[in-house]
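As written, the chain order gives the labels A, B, C and D, with residue 1 at the start of each chain.
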Amino acid sequence: MIRDRYASCIQACNACAIACEHCAASCLREEHAGHMALCIRTDRDCADLCRLAALLMARDSPLADEICRLCAIACQACAEACAKHDHDHCQECAQACQRCVVECEAMAKAA
Amino acid sequence: MIRDRYASCIQACNACAIACEHCAASCLREEHAGHMALCIRTDRDCADLCRLAALLMARDSPLADEICRLCAIACQACAEACAKHDHDHCQECAQACQRCVVECEAMAKAA
Amino acid sequence: MIRDRYASCIQACNACAIACEHCAASCLREEHAGHMALCIRTDRDCADLCRLAALLMARDSPLADEICRLCAIACQACAEACAKHDHDHCQECAQACQRCVVECEAMAKAA
Amino acid sequence: MIRDRYASCIQACNACAIACEHCAASCLREEHAGHMALCIRTDRDCADLCRLAALLMARDSPLADEICRLCAIACQACAEACAKHDHDHCQECAQACQRCVVECEAMAKAA
């Protein structure tokens, strides 16, 4: 069993990574993809940080809490960028990011 | 929204990646880690293939189905290696791998 | 020592992944980022396939040759998309992709 | 062109990730794999941090310097664990880690 203290944060990170990847890919298909540049950029960093955070928590790595701290920063930036756009994929991504900020900040503080 | 055809396979891949990472880390903490070498080795390949498969499906990439085909091979090998050990983390991992084989093979066939 | 048969392919994959990531990030900063959507999309898949191929070769994984086959497909698509643009980052990326196609196809055939 | 300030650190991170993956896989094939558990554990975290650091630098991400700071911690731990073993793969890994510590610490300080 994954350690209890990590379970909900791993879920939030995985869900956020998928939402970010989906949002970035969908932004690239929008008519005005150029307007979505900041959204795409923050999606990519956020997805990659979330994926590594989930990995290090699953391993119970000594760096798990530190990566959660960075991950919360990436999620916050992405939540702000995505919240400005009305596309469903952006709004869903902003929500996944906000949940992940809460989970990752709690993990970072518990360190 | 993630495309319906991918949703359950993405879930299975993410769950399997986490189970594999957790299993590998737990195997390394067992008294006889040397006996777990094959299990650890297949865990790592399986986790990395699952992570990439989830990513490419979330993006609706043209390579999504192909990576699912490879992922099913990695999951099958890992399921067989883990099923031989009684540790909870190995048994849980074998089950997550088997579910992921089914999902990934269905995806690969649908291509 | 990394196995001799993998050394140059690992180098090509790492160089290609970096070129793709740099190209995608630079495309997003171009005035007409919308025109670069296909380039950015192929950059991302190519970078992620290259990164996993390098990883599996470094491990001497039984799936190394199979992932190289997929990686060559991703590199070919990216080389074609990037070659159409005059930006330095696109031209450099196209060249890195073409080298990686050659290396990965040789690996896949040797399997 | 990748920004000059990142070029040598990206090289060091990629080289270190490959050395770590190779070392972990080789440790698992040693007769006394159980004695190598700490080495394998630190290899894996180090490889994953190095890979993400190279990615974020290639993108010129705002989080590049922060991830380099974490990466230096992972490399230091891995260098210490690997230096204790006489296997060629461990000694080569320790050296790659030490070079990467220097590069990543310089990047983190420059932030």
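Basically, a residue touches a chain if its C-beta (ideal position, glycine included) is under 8 Å from a C-beta of that chain, and two chains touch if they have at least 3 such contacts.
The UniProt protein names, listed by chain, are A, B, C, D = Ferredoxin.
What you see is a predicted model, and the numbers here were worked out from it, not measured in a lab.
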Practice task
Give the chain pair, either A-B or B-D, that is connected by more C-beta contacts.
Solution key: A-B
Practice task
With chain centres taken as the means of their Cα atoms, state the distance from chain B (Ferredoxin) to chain D (Ferredoxin) in Å.
Solution key: 25
Fill in the blank from the handout: In whole angstrom, the CA-centroid distance of chain A (Ferredoxin) from chain B (Ferredoxin) equals 22
Practice task
Would you give the residues of chain C (Ferredoxin) that are in contact with at least 2 other chains, written as numbers and ranges?
Solution key: 24-25, 41, 44, 55, 59, 61
Handout entry: Chain-level touch network, classified as line, ring, star, complete or other
Key = complete
Problem - Touching residues on chain C (Ferredoxin), where the partner in the complex is chain B (Ferredoxin) - result: 41, 44-45, 48-49, 52, 55-56, 59, 61-63, 66-67, 70, 73-74, 77
Handout entry: chain D (Ferredoxin) residues within the chain C (Ferredoxin) interface of the complex
Key = 1-2, 10, 14, 17-18, 21-22, 24-25, 47, 51, 54-55, 58-61, 88-89, 92
Completion exercise
The chain C (Ferredoxin) residues in contact with chain A (Ferredoxin) across the complex are 24-25, 28-29, 31-37, 40-41, 44
